[in-house]
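One structure is given below, encoded as structure tokens.
Chain lettering (A, B, C and D) follows the sequence in which the chains are written, and residue indices restart at 1 in each chain.
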């Protein structure tokens, strides 16, 4: 499919009022755009309206510039924050890991087979362990040690993010806490996988906490990273059933599949522009 | 909430083309209707478009007649099949049972507590067993024996359906096969619960079939009834995990919860006008 | 089945060591008992051993007294806490409620249909709302108001528990906190349903907490009641998927099915003598 | 852990009768074996008894030969089919694939990380596509084309199975039907993943069948291979929820995760000696 015929995705956030859908849909019709999928939601609590529309442009070349220029007055009228995304331009994702490889392996597999339609710009780690796995997939591995000088490591990370023109950072079991500053700078652009069913078992060693508490289900939570550790907006959660025969180590093993699946889904929703921030919650337009 | 301010639901089926959403949304805006929830889907295979929009009418009285008159030209233009539903008018549901009471009990509970916002016009059965349960809920119980004279029984059923001005028949473990004629007459208006994960284990005694086959999950399927037994369009399916320690009777017991939940969901989706027939499939706009 | 041929269940807790299963199984064989189902588990952490064996006694009359006398030396040798349960003697269950009826309705249904093989000794409530539902099932309803004089209410509750010879109290959405004293006296004999996925959202209004936090799954937890509120040993947990369109009220409605199913399972496991206390955890020998 | 102290697993199948558990447990106690995990089940339908006991031998060297010699009279007495498995001896698994790599990738990952404690003897394929993935894991890849001469290909397969001293063949989306002869010869030693929820959608292109039928859940089934295609004893099944927006291709993509997880579980249960054939069903002693 040539880029000018490829589907585009329009995402909108604005104060809720009468007539938004009519205006947007009317505009798309006038532009001869065929809507393939469209979702919208008005949050009665926050008064915010969210919309995601995927459309294609069957005849003639599509020009993002002219589309945007024509759409600007509508956007201004409704005080919209909006973006137009070309689905042929792959989102650029920077992955960060430490030593655990189950989430990385899963993301690399989905990347390699095209299930996850992204460009992985690099894998950054504070350890060397996952270099070989990364490089076999033809992806650059960067070792950024943290020990001793965290500010220096973080400065390097920011340089890498900028230098690789990445759109998103995925913490695929990266075991270091990021500074408040970088969390704030990159709001909505860092996804973390926490290995518990948040808000249960925040903090360290959640599977050991779960074992001590004797829960019958364990889980994983993918969320945006904020300065408030383990409190960022939740994107996806998955649970697995366990029982009394599972030791803390068993729980850790059982949880790995849940973590990998949860993170993969959250990344997929994000790069397909299905996730919207709505205060400390998210709106996720799942397929 | 007074009726004239209550939410209404507009449902539309028509051939897919550019501009439908724009036209409908534009119309609603011009009528000062505030959209509360809206979903649409174009089936690329069948070329059909489906839309469900729930809106409220904040100022002045809403008149279904004037709304319909104004909407008629748009509907004609796009060859729409459409309906307008007042959410304060409770769908009228006729329930049919034999001897098993788990689905009936569940429906009556949801009815009694308002979870399922319907009017139950009567419970019809070919046995007397469930009279007391029905009548305690203040609902009329009608015994329509089938043995010997099926056509007479079916004629009586049709008279009851018409006489009670019912919109929907729910077969809540009714163990008689309906005639092709009534299935055809009431297409899309009869929901059945089949106690297996269709298309596995069609026909009689599905839990015994499941036991013989040694499956590790059993299920239930709610579907519209067609002349083709157990082949009607599926609305909802649920499964439960089982293992080698479960006898056929155990499977039957385990399956009851799945059946009740599956049927309750299907009825809820139907009476909220969330289900559309799309050939032999359904489009279900779940919340 | 006459009582003397009915299955019996032997439950054992003792320090783990070599030879327990051999001794118990050898004893049962010598007594001509046929094992129908047997489970055991040694907790490497606590050093405790747990065993549940269901057996029948095919020939001649079974005498609990002579069985117990013969088993006593083995029990003493291994320092066992043990019980012998006749499966024809229905466990006597006292249910406590406030105004919500979904858990009570579910328990009554399972009781009425024999799915839950118990005797319900009475339903006690601090409100009058659920009298009619209870009495229709032929069960005594007792109104024990709490307002003003909690100690008096609790004294009355204890008198009812004793007077009805109940074995178990089920808090089926009873909205009052019991005193430390009664929690301690009846350790392992009071089951509560908490409407969240513990340890997430302890305390009041968990669905509202869940809404604020924006979780993607909500849950219910059945646990034994201890003096430490919402911290008692967990018996069973169930979750349901939700999304951004669900208000706090919607979450409450969605959660009801999960609560009812979770509580019914926990009660079933308990009355089938499948649950063992293991410190602050439980061992549950599920089918 | 030195081999002589490592856990061993004893598996037994025999006609059910009184005293089997007592005899086996008594024997283990006399041999000073400490039982770590034990499960047994008597199938009232088939009259067969199944037992799996994992035990360790804390003091002195364990000798499989002397254990077996001592156990032989008990085994003979109860007409047991039995095996003793050293858990330090890794099961030798031969994997067969065609072009789809999701199941292979998942098995290789679990193998590489030790989650699946097996030796992969080789990967055999009728295509060359998956050579690179296999060889990167340090595993031999063998191309055995089928086109034209199926008997020759199968003879070669049997030679590879014997030559590599494999214990199990895993068909990880191998798209050729094996001959009746090899299925019979290797009864209980070949595991296949079928990409549907059997017995629904047997045969070719199950996701397309599922799409046509409009199901709301799709699934995967791992089963032993028998001469009767898609009818072999089921080991494990998993389902995923889908809806009307999923095309047949979408279903295929959604199903991949279910297939990989289902197959990995079945292989794990098998190599941990948790699966027993019970006529056309299986007994699976899950953790």
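Here is the rule we use: a residue touches a chain if its C-beta (ideal position, glycine included) is under 8 Å from a C-beta of that chain, and two chains touch if they have at least 3 such contacts.
None of the values given here were measured: they were computed from a predicted structure.
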item: Shared chain contacts [chain A and chain B, defined touch]; value: C, D
item: Chain pair, A-C or C-D, that carries the greater number of C-beta contacts; value: A-C
item: Rounded Å distance, chain C centre to chain D centre (Cα mean); value: 37
item: Intercentroid distance (Cα basis), chain C paired with chain A, Å; value: 42
item: Shared interface positions of chain B, touching two or more other chains; value: 243, 245
item: Contact footprint of chain D on chain C as seen in their complex; value: 18-19, 21-23, 25-29, 32-36, 38-40, 42
item: Touch list for chain C against partner chain B, complex; value: 37, 101-102, 105, 109, 113, 115, 136, 243, 245-246, 250, 253, 256-257, 261, 287
item: Of chain A, residues touching chain C in the complex; value: 41, 43-45, 197-201, 212-217, 219, 233-239, 243-245, 247, 278, 280-284, 286
